[in-house]
Structures are given as structure tokens and as C-alpha cells.
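Next come two complexes, and both contain chain A; in the first it sits with chain B, in the second with chain C.
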Partner chain A sequence: MTLVSVRSFSSSVSLGKAACAQVKPVHHKVRIIKKNLSPRFPELKYPSHDIKSPKFRPYLTHLDRVDHHYHNVLESDLLLIGYRHGQQPIYGNKRRHWDMSSPYQINRPLRKPKGQIVPSQTINPRDTGNIAKLQSISINCFVKDAKQYPAMAIGATLQLQQITGVKPKPIYAKTNVPNWKLRPGMKMGAKVELFGRDASQFLSTLTEIVLPRIGEFNGISNRAGDRYGNIAFGLTSDHIKYFPEIELNQDSWPNLYGFDITLHTTAQTDADARILLSGLGLPFVGSERIPKTLLDDLTVHPYEN
Partner chain B sequence: MYTSRAAIRVVSHVKPTQQVRYKRDKTGLNPQLERIVSQLSVMSAGRKQPRLLKLCNEDYVKHKTVMKAWSHYRKAKIQENEKLLQKQYESMKEAVSELQNLSPELFEIANEHQYGKRFPLELRVPTEYPPRQIWFYDYFPKQEAK
Partner chain C sequence: MTTPVIRSSLVLSRIPIVTPDVPAFEKAFYQYQEQLERRLMWTFPKWYYFKKGTVAEREFSKAQKYPIPNHRNVWFPKGVPDLKHGRDRRFKQDIILPKKNNDVEVSTTTDDGGESAASELQNLDDIGRPIKANSRITIFDEKNDQTSLERKLPRTLYLLIKNNNNNEWTFPSFEVSNDQINKGLHNIAEEGLRNIGGDKINTWTVSNTPAALIKHNNGINEFLIKSHIIAGKFNPTNKNEYKWLTKEEIQDIVSDEYYSKINHLLSQ
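Our next item is the complex of A and B:
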């Protein structure tokens, strides 16, 4: 037997021995659901979509107007608007491989992408598979005064639940700022993420009832966005009173709380997301900045990694 | 070691914000606390779950059959929509490549990027019933300030 030198720390590799057990640890991967093992409580074993399950919730109860509008009107138009003949993929900054100049690099996780910490996405040419769609709406209500008056966080939570019809989750302070008397773990408000019909319902209330009546609202800023197709804007406490759930019962709302709304879309860029949202009835104002890399998408960019 | 209830009742006129699990006295909670309690009770899931439906086996099978058939119908609709989009995409591609051969100048114009394009604000999400005023005959779009 000839010894072949392999660049590694392990001394057993060259001898043809395994350094660890070669049997795959399958038992870690198989999840054991105990309720299925026991013969008791058969009604708890139904899947949640089964009508016999206590978790069952009818969800296809009515027509989803916004979804209908999207599929009948917007989708084909968005395909046409976004299509460019000969469009090339714009590669994002991905994690890089090590050059393996040192044996310490052998099992290391990949290097950070160039000039940033989180890798960015590749923007693919327009196709039927990547037409922008509204995915979800998340509402975040952070009440500054909740550190002094913890009851305010409860009020904000209830307000979100009344407006959206979905149970909110509490948000807690993360940082310790002694000057503001803010400590981690303090309940500071609530957040909600809306999907499907709930999101459509909220969006139509927003675009048809609330936003048209806000005098100073001209539109969402064209500069808003996180580069990856999620657009956010805020409503102050003065604007909340236009929601019909609040307006019809103003006496029981002595204080209202403003919140931030993030519209999550599957668009690859903010510019695409804005085109989609304008079709759903949201106005945009201000000058728009389009990144230069997006504009020259007809030239072939090499994939550097 | 233990405080007697009588001793606590003496101090209870102070109305502390902390709740103690004793019998409520006649005056009840102070209005602020009552408000918080009612707000929390609106949000809690207690006694709000509707009764579980009790279906006989025949009804259960019927329900499952109808739901399955409906889901097939919806799936077919989605697939039809996807096919239609695919067809549109293919014909768009074909038309533009033909234009590229016929007239490169027109192709340049047709192939410009469309960033910044917006759907008109007058485009409405359709409702089940028509509005009271069907059409605004005297309407003209607002001129944008330059």
C-alpha cells in the first residue's frame, strides 16, 4: 500500500480509514410525532384542513377581489411591461470560495461577498415565472410611550386586531438605552403579517377608504423600498381614525397608534414592485432612482465568483 | 408569615395596580384597570372558538368529495391561466425578434425599458355591483405640476 499525501489535518485519511462513523444519522432526521403513536385522542390526528379537526378554519369563503383583479388584468400587463428582448441576468454578489492557500481554510464556511455582508440576489430576465405578485402585508406598530405606560402596548395590539381581523404578535424592546429608560424585554407594541384574503381585505380598505381621505397623503415615496421588492410606508395616529372599524366607534378609542406598513412582493426589484402596486391602487410620488446596473441589462455580465 | 384577608382588605382602598387573587369588593376595579381587562378579554381566544361540527360519516364523505372536486376545478383554472401566459410570452418573443429583423430602429424603440411606468390611478379593483354613477362623462385627468 502506497501512502499518498493528502493536504489535510487528518492522519487517518491516507490510511484509507474513515475518521468518523459512516452510517448516516437518519434517526436525527426522522421526526417522531408522538400523537400519532398513541391510540388516544383520534380527533387530534386529523390534518388542519380536515373538517373534523378542531383546527379547521374555512378560508375559501368568498371571492378574493384583489386576487381576481391581479389575475384578470394586471398579470399579463406586467409580463408585457417587464419584457425586454435579449435581457441578460444581472448576477448578485454571492459568497466567494477561499483560495485554499492555507490548510486552515479547508472546512471554513464561504467568504463574505465582495463589499457587503449578505449576498444579493441575481435578477433574472422577465419570464412567466417571475411576474411580480403581492405576497403579504406586514404591519408593525411600535409605541414609544409603552415604556412608561405598558397598557398602551395592549391598546395598540387591540387596534391592530380590530383593523386587520388577525391576531397580532407582541413586539419587545431589544436594546438597552438607559437614557430613554428602555430595557430589553419591555413590551412595546404589536405586529401582524397578513396573507391571502386578509391581505387583500386590508389593501382594499386602505386604497378605497383610508388613503383617499387623508388630506396630506399624495402617495408613497418613489424612493421607498429595500432594493428587493418590498415597499414600506407609514401612517400616523391621525390617519388611523379613517379606518371604518375605528371610525364607527370613535368613543372607545381615546388614543390611536400609528403604524408602519410593509408591502412584500415577489418582485425582483423595487421598480417592478412599484409598477405592480400602482395597479393595485396605490399612488406613488417623487422622483424615482433606477440603479444603473438595471438599465444596462442587455449587455452580458460575466458571473464573477 | 401569612397575611390574613382582613389585613389585606384594610389596605385595599389604595387600589394597587397589581392584581391580587381575592374576592372582588363591591366597588370593583378602577376604570383604568377595567379598560385594560376588557381590552385583553377582546383579544383572548377564550370562549370564542365556534363549536366543532359533528358530521355523520355520509356527510363527511360528501364534504370531502365536494372539496376535492372544487380543488381540481381551481387547479385546472390556475393551469389554464399559466398556459395562457406562456402563450402570450412566446408570441411576444416571436413578434419582437421578427421586428428586430424587419426594422432595427423600431425595435430599439419597442425594446426600451419601462421602469417608472404606472397603471393609471383611475384603474379600480372591480366590485360585485356597479357603482351608482357608472361613468364620469366630464372627467379629464388632473394635469401634473411641472
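Our next item is the complex of A and C:
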């Protein structure tokens, strides 16, 4: 008796193999989620927003003051500020097509953009669909001394948890720097990303309680930003004591750790993000540098790519 | 046919001062969600906030109401308690803060009435004094004084002015004469506001781009410039009638045709 040698696409049984084929092309690419097959823990099958799920956590527990201010006041103002009559899209530097001078270029991935490796974004005219909004706030607390005293990373985690009320994630060293005695895999601190009401709560604490009390703080630098609407700034360990969660329980905090705050917005440019954030109560200082390419948004570009 | 005249109008608004009024249904929803959150919260880490053996720890422990632990000969009508660190894990945990000496003082003096003002002054130094919120309804709300800026705190108010010629309520509107044509609509509107309302007003114009254009039947093109009042007050110089109104009040007072053209500009 011989096995049938015709291979069916739907199964690997006909090949006489126990599991699915790993030889390309692999046709069984659907990931099997074992918890969905097992009858043992039925509550794990509910999505996390279902009240029956053990993951469920209510998040609409109070009115969001910052969110309401954004929708009621800021949103329409931002639309009006960003609007310019006859605004044209500023096309980003995209991946280029090959000239097909060689047959090896068929099916080849596109060429890198001119002068850079990663393609840049196209900046669209501001309209009702792309008004900048605060997406999330991420806080990154990297403690330099944690390589010598690993317990400091735990202290930094606790401090972030105390200030934000959200469970932080540990951060580990990635690089090997023998001079600093830094090795990959060492726990160096913690990070946390805040969304929704947690972010609003943190932002209002920052703008109403912490920043006004920092004497030397004049504002976030106008040079800060990653070009795509995310603005970052830092607080040193001396500034952390102004957070009310820390201030009212100072005896428990022999060491405080400074951290970097990144404000993630949906703004297309840093200038737009700064307008949004100043509307949310964050001051900015210093001279502003706007790239030349962003200034000629009223001229029609001859090319589209 | 006459040449069309350009007018520049100012949509001057006072943004909400307090959070919006929450309807009863939403309030119930938020309360339900909050209770759920409290039920799912971690147990209060007493060992972290109070060092063992301190006075503060003793006072805190004394103030708590601890649930009755499980016992084999006792019948619990609401189910067997599941205690961990002094908390019944089936329910939310109520944290009772111990009363301080100055809390007691406040309650006794307010009963007398006469000394309350003096004690409040003394207690202003105390950071731990109970927070007392001001009323959301001001005296101007009670008097229904529509010329005041301190009314309808959770709503956006807009400045409306009565036109002396036709007795109609509109946004303050200013004609753009031919020699002013290069001045900019927003500058004309700002200047016009100071002419009719005095210069003791601090406003912030959102953009030099008009927010809307109203084309009137008589050929007048009215551009609306958006602005917020930051400080000061509108003080009419020529006894003009003015009002600070919410969206609904504007609908009652202006003509239907005018309202249909400005409706989309007004926020809650």
C-alpha cells in the first residue's frame, strides 16, 4: 500500500506528517489560540472589555475634564488656527521605483528615498479630519545608578506607580558599554504609557501643580520634538517632590528619580503639536525653528512622488 | 446695483469656567463604574504608608472598621467572608482617615456661628483643612443678570449687542470702509470692540482667518472673527444694550434666519 502523493492544500494529513508543513509555502498560517479550544477556563475567552472577564477594569469612572475642554473649546480653535486658504499637501520623500534597466530589478523592493533611509510623511492640508489631539503620555525613567544598585530600579518603578496610578513596565539596558560597566539585560528603571483619563489626570497635575512650582522652569523648549508631532521634556529628581503623591509622604522617599515625559499627539508637525499643548496649559520658550519645506505649503508641487 | 459692503463681526466668547453639568443618567453611570472600580481595587497597603509601631499606624488602625472573620459555628447571611489583610475581598474597601484635632475644632466652631469666620481665617494655614467647593450657581444666575460674565459657569457665553436701528440682537459688527481694506478683518473687529466697549477688556483672537461668512440679501458680506475674552469686561461707551448668552438663549433672542447661519459656530 502506498501513500497518495497528491498534496491537498487544506491539510497535511495526506503527506503522512503529524503536524503542518513547514516547507514554504506554508498554508496553515492561522494561529491557534489554545485558550479558545480548552474548556478549562471559560472566563479567559471573554474580551477584556466584558465585565465577566478577569481582565475587566472600568475606565469611565469620572467625567474627563481635559477631554471635555478639548472637545468644547480647543478642537474648533485648532481647526481655525491651522487652516490656510489654498493649502497644498507637502509630499514626503517616498521610496522610489527602479528604472528597470536590469532584469534583476523585477519584483525587487522599492529603492530607498533620496538622501534618507526611512521615507518621510506627507503633510496634508489641515481640515476637520486631522485636527491634532493628545494621544498618550509616556514616561520613561532611566536610573543611571541602577547598574550599581539594582534596588534603585525598583524604587523608580514604585515612584512611577505612585505618581500615575498605572502599573509600570521595567526597562532593561540594551547596549554593552564596558567603560560604564553596563551590560545588556540589566534592569535600569521603568516606563509607563498613559491613555485617556490617566493621561488627562497626569497632565492636569503637571500643568496645575508641578510645573508652576518649579522655579527655574520657564517652559518646554521650542526646539523639542521629533518632527512628527511628539514633544518630549524632562524633569529632574529635584522637581519630582512637587507631585502631591510624593510631597504628602516625603518620609517614604529617600531617593527620587527624574524622568522624561513624551507627549504623543496626532499632529502632523511639531508646530501643530505645540499649538495643541499650549492650549492644554503647557508653556513653551525659546526660538522656534520651522523647516523650510513646511513653509511653502501654499505652492502647488509639480511632482506627486 | 450697489457695490457689496464688507462687515467684520466678532464672535466673542467666554469659555466654560467649571466642568459641565452631568445629566442624571450619566451621573448614575459614572457612579456605577466608580463603585465597580473600587470593588476591583487592590487592598490599601497600610504597611507601606504607615511604619509598624508608630502612633500614626495605631490611629489609622483604630479608625478602620474591620469585617468579621470567618468562623465555623457562625452563619453569615451574606456569604462566607474572604479576608486578606483586613479586607473582605468580595467587596470594596472603605478607608477611614483618623480625625485630627483641628477637624474637631472646625466642627465645634461652625455650630456656634459667631466664631466661624475667625476660625476659618486661622485654619487657612492648615493644608489638611477640608476642601469646600464654591457654588456652581452664582448670585448673577439667581438674579438672571445676563450682562454679567459670572453666570452659567459650565457653559460658553457669547457677547450679543442690540442694534439701535432695527432693534435686532446680533454679534458686534463693524463696517469695513474702503480706506481700511488692507488693515485685516481681525484688526478691524478688535478695534471696533474697543470703540464700543472700552479698552478695559483683554481678548485673544483665535486666528485672522474668519470662522464664517454670512451673505446678506442686501449684498453685505459679513465675516465672523472668533475671539475669547481673557480678562476685563465689556463696558458699553454709548449705552448700547448687550448680553452674555448661551446657545439656547441666543436662539430665543435672535431672528431665526440669523440663528440658522450662526448655529454651527456656537459650542455648548
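By definition in this document, the second predicted complex is superposed on the first by the 268 of 305 C-alpha atoms of A that agree within 3 Å, B and C clash if a C-alpha of one lies under 4 Å from a C-alpha of the other, contacts with A are read in each partner's own complex, and residues count from 1 in each chain.
Criterion: contacts are C-beta pairs under 8 Å (C-beta built on N, C-alpha and C of every residue); 3 or more make two chains touch, one makes a residue touch a chain.
Bear in mind that the values here come from a model prediction, so they are computed numbers and not experimental data.
Q: When the two structures are overlaid on chain A, which partner does A:98 contact: first (chain B), second (chain C), both, or neither?
A: Touch partners of A:98: none, neither chain B nor chain C.
Q: A:172 in the overlay: touching chain B, chain C, both, or neither? Say first, second, both or neither.
A: neither
Q: With both complexes superposed on chain A, which partner does A:76 reach: first (chain B), second (chain C), both or neither?
A: both
Q: More residues of chain A are touched by which partner: chain B or chain C?
A: After superposition, B is the partner touching more of chain A.
Q: Looking at A:58 after the superposition, I want to know if it touches chain B, chain C, both of them or none. Which is it: first, second, both, neither?
A: It touches chain C, and chain B stays clear.
Q: Name the contact category of A:154: first (chain B only), second (chain C only), both, or neither.
A: first
Q: For A:68, is the partner it touches chain B (first), chain C (second), both, or none of the two (neither)?
A: After superposing on A, A:68 lies in contact with both chain B and chain C.
Q: Which partner chains sit in contact with A:249 here, chain B, chain C, both or neither? Use first/second/both/neither.
A: second
Q: Please work out whether A:128 is in contact with chain B alone, chain C alone, both, or neither, and reply first, second, both or neither.
A: After superposition on chain A, A:128 lies in contact with chain B alone.
Q: Please indicate which partner A:271 is in contact with in the superposed arrangement: first for chain B, second for chain C, both, or neither.
A: The answer is first: A:271 touches chain B but not chain C.
Q: Under the contact rule defined above, give the chain A residues that sit at the interface with chain B and also at the interface with chain C.
A: Common to the two interfaces on chain A: residues 51, 60, 63, 65, 68-69, 73, 76-77, 80-81, 83-85.
Q: Where on chain A does chain B make contact in their complex?
A: Contact set of chain A toward chain B: 51-52, 54, 60, 63, 65-66, 68-69, 71, 73-77, 79-86, 127-128, 131, 151, 154-155, 157-158, 161, 167, 204, 207-208, 271, 274-275, 278-281, 283-284, 288, 290, 294-295, 297-298.
Q: Contact residues on chain C for chain A in the complex?
A: 15-16, 19-20, 22, 26, 29-30, 33-34, 36-37, 40, 48-49, 156, 206-207, 209, 211, 226, 267-268
Q: Within their complex, state which residues of chain B touch chain A.
A: Residues 32, 35-36, 39-40, 42-43, 45, 49, 52-53, 55, 60, 63-64, 70, 81-82, 84-86, 88-89, 92-93, 96-97, 100, 107, 111, 113-119, 121, 123-128 of chain B touch chain A in their complex.
Q: So in the complex, the part of chain A that touches chain C is made up of which residues?
A: 51, 56-63, 65, 68-69, 72-73, 76-77, 80-81, 83-85, 249, 252
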